Amino acid sequence: MSEDSVRAILQRLSSGDIDVEEALQELRYAPFADLGDAKLDVQREMRTGVPEAVYAPGKTTGDIVGLVEAAEARPLFVTRASREIYEAVAGVADAVYHERARLVVIGAVRQRDDGMVAVVSAGTSDVPVAEEAAVVAASLGHRVERVYDVGVAGIHRLLAYRDVLADAQVVIVTAGMDGVLPAVVASLFPAPVVGLPSSVGYGTGRDGYAALLTMLNSCSPGVAVVNIDNGYGAAVFAHKMLLRLNQE
Amino acid sequence: MSEDSVRAILQRLSSGDIDVEEALQELRYAPFADLGDAKLDVQREMRTGVPEAVYAPGKTTGDIVGLVEAAEARPLFVTRASREIYEAVAGVADAVYHERARLVVIGAVRQRDDGMVAVVSAGTSDVPVAEEAAVVAASLGHRVERVYDVGVAGIHRLLAYRDVLADAQVVIVTAGMDGVLPAVVASLFPAPVVGLPSSVGYGTGRDGYAALLTMLNSCSPGVAVVNIDNGYGAAVFAHKMLLRLNQE
Amino acid sequence: MSEDSVRAILQRLSSGDIDVEEALQELRYAPFADLGDAKLDVQREMRTGVPEAVYAPGKTTGDIVGLVEAAEARPLFVTRASREIYEAVAGVADAVYHERARLVVIGAVRQRDDGMVAVVSAGTSDVPVAEEAAVVAASLGHRVERVYDVGVAGIHRLLAYRDVLADAQVVIVTAGMDGVLPAVVASLFPAPVVGLPSSVGYGTGRDGYAALLTMLNSCSPGVAVVNIDNGYGAAVFAHKMLLRLNQE
Amino acid sequence: MSEDSVRAILQRLSSGDIDVEEALQELRYAPFADLGDAKLDVQREMRTGVPEAVYAPGKTTGDIVGLVEAAEARPLFVTRASREIYEAVAGVADAVYHERARLVVIGAVRQRDDGMVAVVSAGTSDVPVAEEAAVVAASLGHRVERVYDVGVAGIHRLLAYRDVLADAQVVIVTAGMDGVLPAVVASLFPAPVVGLPSSVGYGTGRDGYAALLTMLNSCSPGVAVVNIDNGYGAAVFAHKMLLRLNQE
Amino acid sequence: MSEDSVRAILQRLSSGDIDVEEALQELRYAPFADLGDAKLDVQREMRTGVPEAVYAPGKTTGDIVGLVEAAEARPLFVTRASREIYEAVAGVADAVYHERARLVVIGAVRQRDDGMVAVVSAGTSDVPVAEEAAVVAASLGHRVERVYDVGVAGIHRLLAYRDVLADAQVVIVTAGMDGVLPAVVASLFPAPVVGLPSSVGYGTGRDGYAALLTMLNSCSPGVAVVNIDNGYGAAVFAHKMLLRLNQE
Amino acid sequence: MSEDSVRAILQRLSSGDIDVEEALQELRYAPFADLGDAKLDVQREMRTGVPEAVYAPGKTTGDIVGLVEAAEARPLFVTRASREIYEAVAGVADAVYHERARLVVIGAVRQRDDGMVAVVSAGTSDVPVAEEAAVVAASLGHRVERVYDVGVAGIHRLLAYRDVLADAQVVIVTAGMDGVLPAVVASLFPAPVVGLPSSVGYGTGRDGYAALLTMLNSCSPGVAVVNIDNGYGAAVFAHKMLLRLNQE
Amino acid sequence: MSEDSVRAILQRLSSGDIDVEEALQELRYAPFADLGDAKLDVQREMRTGVPEAVYAPGKTTGDIVGLVEAAEARPLFVTRASREIYEAVAGVADAVYHERARLVVIGAVRQRDDGMVAVVSAGTSDVPVAEEAAVVAASLGHRVERVYDVGVAGIHRLLAYRDVLADAQVVIVTAGMDGVLPAVVASLFPAPVVGLPSSVGYGTGRDGYAALLTMLNSCSPGVAVVNIDNGYGAAVFAHKMLLRLNQE
Amino acid sequence: MSEDSVRAILQRLSSGDIDVEEALQELRYAPFADLGDAKLDVQREMRTGVPEAVYAPGKTTGDIVGLVEAAEARPLFVTRASREIYEAVAGVADAVYHERARLVVIGAVRQRDDGMVAVVSAGTSDVPVAEEAAVVAASLGHRVERVYDVGVAGIHRLLAYRDVLADAQVVIVTAGMDGVLPAVVASLFPAPVVGLPSSVGYGTGRDGYAALLTMLNSCSPGVAVVNIDNGYGAAVFAHKMLLRLNQE
């Protein structure tokens, strides 16, 4: 129930159109609406830029098109989307497809001026996950610098990007297999590191579990971790960080 | 090798005290020292406040006292420390013991003015972990607000702290058992949430794995996770975030 | 051995056609048949509505058709059935196919008047699992209310269905990924919650294990859990609850 | 904010003591209190008998005594409590200690007349877990029948209790090791079965995981499962079932 | 219901004391007793020697003494029993304590003449588990040969016992760590091998899981496996094999 | 054979007490020569019937045909073989294909008269695994009785086969999902039970792990377990048991 | 920054072309280049033969061709490569395809004279993994002897290759299923054994975990292990061993 | 050695061409004798220094003293031994106790001149495991250099030991928590790296599994891994490497 609705009830009471019990009765059913309003208030603080996403797997193309049509938020993402899904979505909304990231973006926001997100990948195989993070962060208005294929097997490749990494407000680092890179970045640069394990690997490293564990157990503090392959989540975490930064 | 040391060598060369080959010889052994310097340069950006910690388990009391005596950084933390270790450390340094957090703090820094860290715990059993995070963050100079025992079983308790949570630059949320609280905080408030699983629980939730998985799979984006019971790591991550914030 | 068979033996003894030892000999081989009868007696208490199901994976179409022809129970379900299996079954029985639930139903029972089962899903991707539960419960004669796509990322969507949820005798809640929804429903509404983890998710949440663990460790009491994706089992559990309710 | 508080505001508005904007201002801060109220409304439906519990591990005795003093709900349980904790609690509340169940009960409710809960254990080693369930259910006012040490290794022992089991509205079955008993009870009796895995076992069955998996995969439908050793949770689930039953 | 009871009913029918319906009524309540009888019949085939056991952990000493007093079977075992438990049991029964096996034996049977069980251990650390198997098998009347500390690190030690192993009807092989020995025995000797993983080991071999997996995946066919540390189970399996052998 | 023993033989040869052939004969039975010879001797005891198998996955059709051509043992099995593999094998050997068991059999042996193997399956989905066991056992010359689709959900179906089961020397019981059936068979019948978990199931029971754990933790002693889906291994274990039986 | 570059700077300072601060400025940007140089220096010791590899999965064919064109190292490997990838690579480099090992080799080095690597496989199904190790080792210039299909089920097959195994400087042993072979080789021969678990197996041995655990827990010391199916890693480890050997 | 070869030797003895001792000498190298003898021969190559060890856990002090008295090999190790065990062993053998490594050494061999083993630890908590490796390697006669507490959180500490690490024939690297150090050492230095995970850590890194996985998935090739905390195994692997090196 919006403030205006409550005010209307109170005015009808004040003007004698309804009595106290009637007003109470109308208000009684308000709390849950209230909850919604309260929640919107809270969210209003982080408005223009609040992301919303449709996770494609397990949904029919019809489901997804319906959800896209119903959603008002912009940007709106469809994650893990095939080209076929993109084409269906493109029929009802102004969408862009990022093939490598398997990501549909509807309505990216205007560039902000609130700092920079570096997106780092250990290998070329991790690029799809890194791209999901990079495209989501860019679509939310942030400046994004990509630093790809700089894994610790050749640490000098990483150091060649020293300026970019030293300049970032937050660094998203994706790695599969041994997942060592986030700890190394955290030990060399001042920005907090969002560890993003990728499911690249085989044997005991298959599916990204070894990388996840390495990141969670990083001896270099300053690393926090999102789910395996969750480029979207890493980007939204970085986005919330930068929003707070702007807000000050 | 510090910049001053390099400059001294160059001046001796310039003034003819040494020749090129001698200068080269002295510099030849510098690169790794250089690396250290370079690293210190990078870290200088986040100086006064760079944390260092001694992890107590598996070390003898003698080891720990030795490491404390050798370390120059302040604050210096000894984590997971018994009172007996504290007492030994207190013999060689000006230390404070936080019993519930099992944490020794040596040389907390002066209060900064760079935003606030909210530390939230789902239950009273999670307080030791929450306290490790809170004391470390406060010792690093940040304003810390504690919001304890506000788990989702009674969500109104959480909402009673709405102002604090809406005001935080970053929220560290610790929970054991089902680990649901970080997702709820992330869905209600604008700050990024550092999920801190605690090892509180039994059966399938024992050791904090269920809580960890819940946090990694949070449907509400904006949560990144540190290792189970790693209050120190959560606080350092928040610290690095706030340092970046100040820097802008 | 049926009661009639035993009576026939006793009558032949009573009429002198056989003597005691011959009767005893005939009866000696009866106990296991007796067990069957006994078991049927027990089951008779919950008759009209006792479900029976054929689990399709690993069986040939021929196997399934044979089992359908042999089974007397109605309703009879074929779970995880392809359309091809349905078409074969439809050749020998009066069957309905629920495509999204991959469920064949033969002989749904007449609507009972014994309370309502609410079937709740966190997301649209969970709908196939939710539908298996909903269609099975409805086919067993119960009133079913579907409340889909009301996950905690937007908790107001759940609260919009407050009346339905407050009215249910039992609520089946399916969720994948973080599996948080059953705990939230249990903390807000009076009905017991059957947690139904779905295999929706990726990374550490893949295959539904994170959701399962969250539900088992729910801090809000009043949740019991069935196997991942086991919509059929959740519905039968609800069915047995409602049968007991009627019986009183 | 209670209904009375809202009514008072409305009456002051109606009587002209405050104007619309003042009333609105007072109500504006109500929504979260409202949420609480709303929540209590929902819960009121299941009042007298809503359980609340303090989980003892990880809390100091001081914490627990404080929580007991603060809690209004009756009955109030302290689970996994040592005798020492009981003695401290007994200093501030009228408490009973159930040693085998490691359970403190404060203010058990009067016996209801709403059906019976059978609590079944496979072995004698499972009795502590079974007792937690039985005492909690009884303290919430339900009639409880205990059927202990009737595991499938000697199935005739189970069948000797046929009348009790056939009569129960709900059967809580605890078992460790192979965890087979709930499936057997579900296949023989009409009541829904709450599977309660116990951590009794060794080797691959250690900690109750084998029992948990067996119960989740039960081929006999009609079993839902709670966390390992979670007797409290099993009893509350049964309690919510019986409350719904009474309500009709 | 025993055969005599059934005969009595039939005789009363035959003699006209009761009519068919009355006889039927009496028999109707027999099935569960029948089941018991039937079961005893089945078991009678393998009588004198059917083992029964009380698993001590999780039971009070009082529980155990009560179960020992109630049990009629001989031999009766109390497994994983402390000396304290033994002493209590010795107060009510004629018991022998095998300290290394932590086993109480009550009423070992007379030596049979039905073949030999070889019990093999890889190392000295595995002896407690091996002894549980050996003492149980011997107490059930079988000839037992112990072949201890013959792990594959020195395969010639195993071969020195060639005659014993070639002569055994069944070989129980216990091993921890890499668990390789059962496969080696199976590849060299004709008897079926019961693999008995012990929880000896550390790191990834801790708790016996590595040994269990090795045994289950043995490339040498002819190995079947019991639970980790389940010396009792291995012995009973061997016992049932030898009973069948005698029976022919 | 110690060096001294060898020297003694050589001296007797050197002094003419024995001739070359006699010395050779004595040396032939020397321990290490024994290792090779002994192994053949040992194996000779179980000749005609010693199984050998080619595991098809990961091998090319050419590999398999080559191995079949090289192997002398009869019967020879090719396990997990496609029809395509069978057709290639049939070009070089007199082979029979068992489609459901995915098994190629070359040269089954003549029927022995050494007891009976009962092969029991819980469900129809388990039949492929059961058939692998049954066909292998039959091909090795044993009498095999199949008892399929008698899972505990309808225990009377199992009891209908009481005579067969009571008569078996060994019972192979395959089950997926909850894996309960072997424990039930072991509690009702005298024969040792070889538990054979099948990978039938879903969710937490997927791939057969829940069934495996249930069988390893069986409260009814007398069950030993082979690897999931290892019908071949179960049959060879039974075969070795029956060979020992005959040998006496 | 090479030594020559540093010397040039120093000479310009010495000759007065630049002053101390200018020299310092030029050197200031050297440390990371220095690191690279330092690293190359270190690596120079093991030059001619330092392997580099492109892991194909997750990369597009375009990615791989680009990486091959950019890499200078010879030999260069593309691992887990399809024939299609090979054909694309062959368009830009002089490449050889090893189909069974799924390996592309570009520029194998000339045969060294530094000892021999034995590559042993337990079964024919392990050959692809063994071949990856063998081809990589041979391409790095080492003499390689293949000893395939000598698993412990027939240990005499292994002993037939005694001379080769006794002669090797290092033995790479691949095995799936029970993974027993490395321990056996280590107990019989003097060379260190690199255990290489293959993902051959099913049930609990599926994906190579059982083999990995067996190898890690080997009771025969002298075994170290690489990741499952990591033939490339095993070969590089052996290569580094042999390089050290030559260097002495 | 074929039968014909043996016959030939015997005939030469019989005809007086060779005498008994010569015949014995030739037979000593005979194949099946070969297996035993050969094994001794092979082992003779690595004599004075062939390690043998008694693993203390699970053994009584009496067991251990007995095994020490029976063993002839020197050095002989007792691993994971308490001081109490040491004192008992010291009563029967000339033993040295290394407290931190929990290792008893009996009869260390004279220093060889065959290269150097570097033992590196990431932290001070890893020292006990590192010491087990270092003391075992030194007791086997190798030169050992210890490089402790040089984890990647401060990589310059590692580089300060560049000369030692560049000089080693083999580097044993122990690390707990994230286990990153072996990969870093392998990427910087030419020697093969034996990764030795330690059980130092907490949460998801507890017990060393995260460190193990990181090492197995190392992106820097040249790392092979032993079991968690297996310092003894790492040292024996290094020992076998250096023996081969000497042998050339």
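Labels for the chains are A, B, C, D, E, F, G and H, by order of writing; each one numbers its residues from 1.
One rule holds for everything that comes next: a contact is a pair of C-beta atoms (placed from the backbone, for glycine too) under 8 Å apart; a residue touches a chain by one contact, two chains touch by 3 or more.
Just so you know, these numbers come straight off a predicted model, no measurement behind them.
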Shared interface partners, meaning chains that touch chain C and chain H: A, B, E, F
Chain located farthest away, centre of chain C as origin (C-alpha): H
Most widely separated chain from chain G, with each centre as the mean of CA atoms: D
Between chain G and chain H, centroid-to-centroid distance (C-alpha), Å: 23
Intercentroid distance (Cα basis), chain G paired with chain E, Å: 50
Distance from the mean Cα position of chain F to that of chain B, given in whole angstrom: 58
Separation of chain F from chain G, taking each centre as the mean of its C-alpha atoms, in whole Å: 39
Set of chain C residues in contact with two or more other chains: 32, 35, 39, 123, 155, 162, 203-205, 209, 212, 216-218, 227
Each pair of chains that touches, named by its two labels: A-B, A-C, A-D, A-G, A-H, B-C, B-D, B-G, B-H, C-D, C-E, C-F, D-E, D-F, E-F, E-G, E-H, F-G, F-H, G-H
Interface residues, chain C side, partner chain E - complex: 3, 6-7, 10-11, 13-14, 19-20, 23-24, 27-28, 30-32, 34-35, 37-38
Complex contact set, residues of chain B against chain A: 39, 42-43, 45-46, 51, 53, 115, 162, 166, 169-170, 188-192, 194-195, 212, 216-218, 221-227, 232-234, 236-237, 240-241, 243-245, 247-248
Of all residues in chain G, those that touch chain E in their complex: 122-123, 151-155, 177-180, 183-184, 187, 201, 203-205, 209-211, 213-220
Chain H - residues contacting chain B, complex: 123-128, 155-156, 159-160, 162, 200, 202-206
Residue ranges of chain D touching chain B (in the complex, touch as defined): 32-33, 35-36, 39, 55, 57-59, 63, 67, 80, 197, 199, 207-209, 212, 227-230
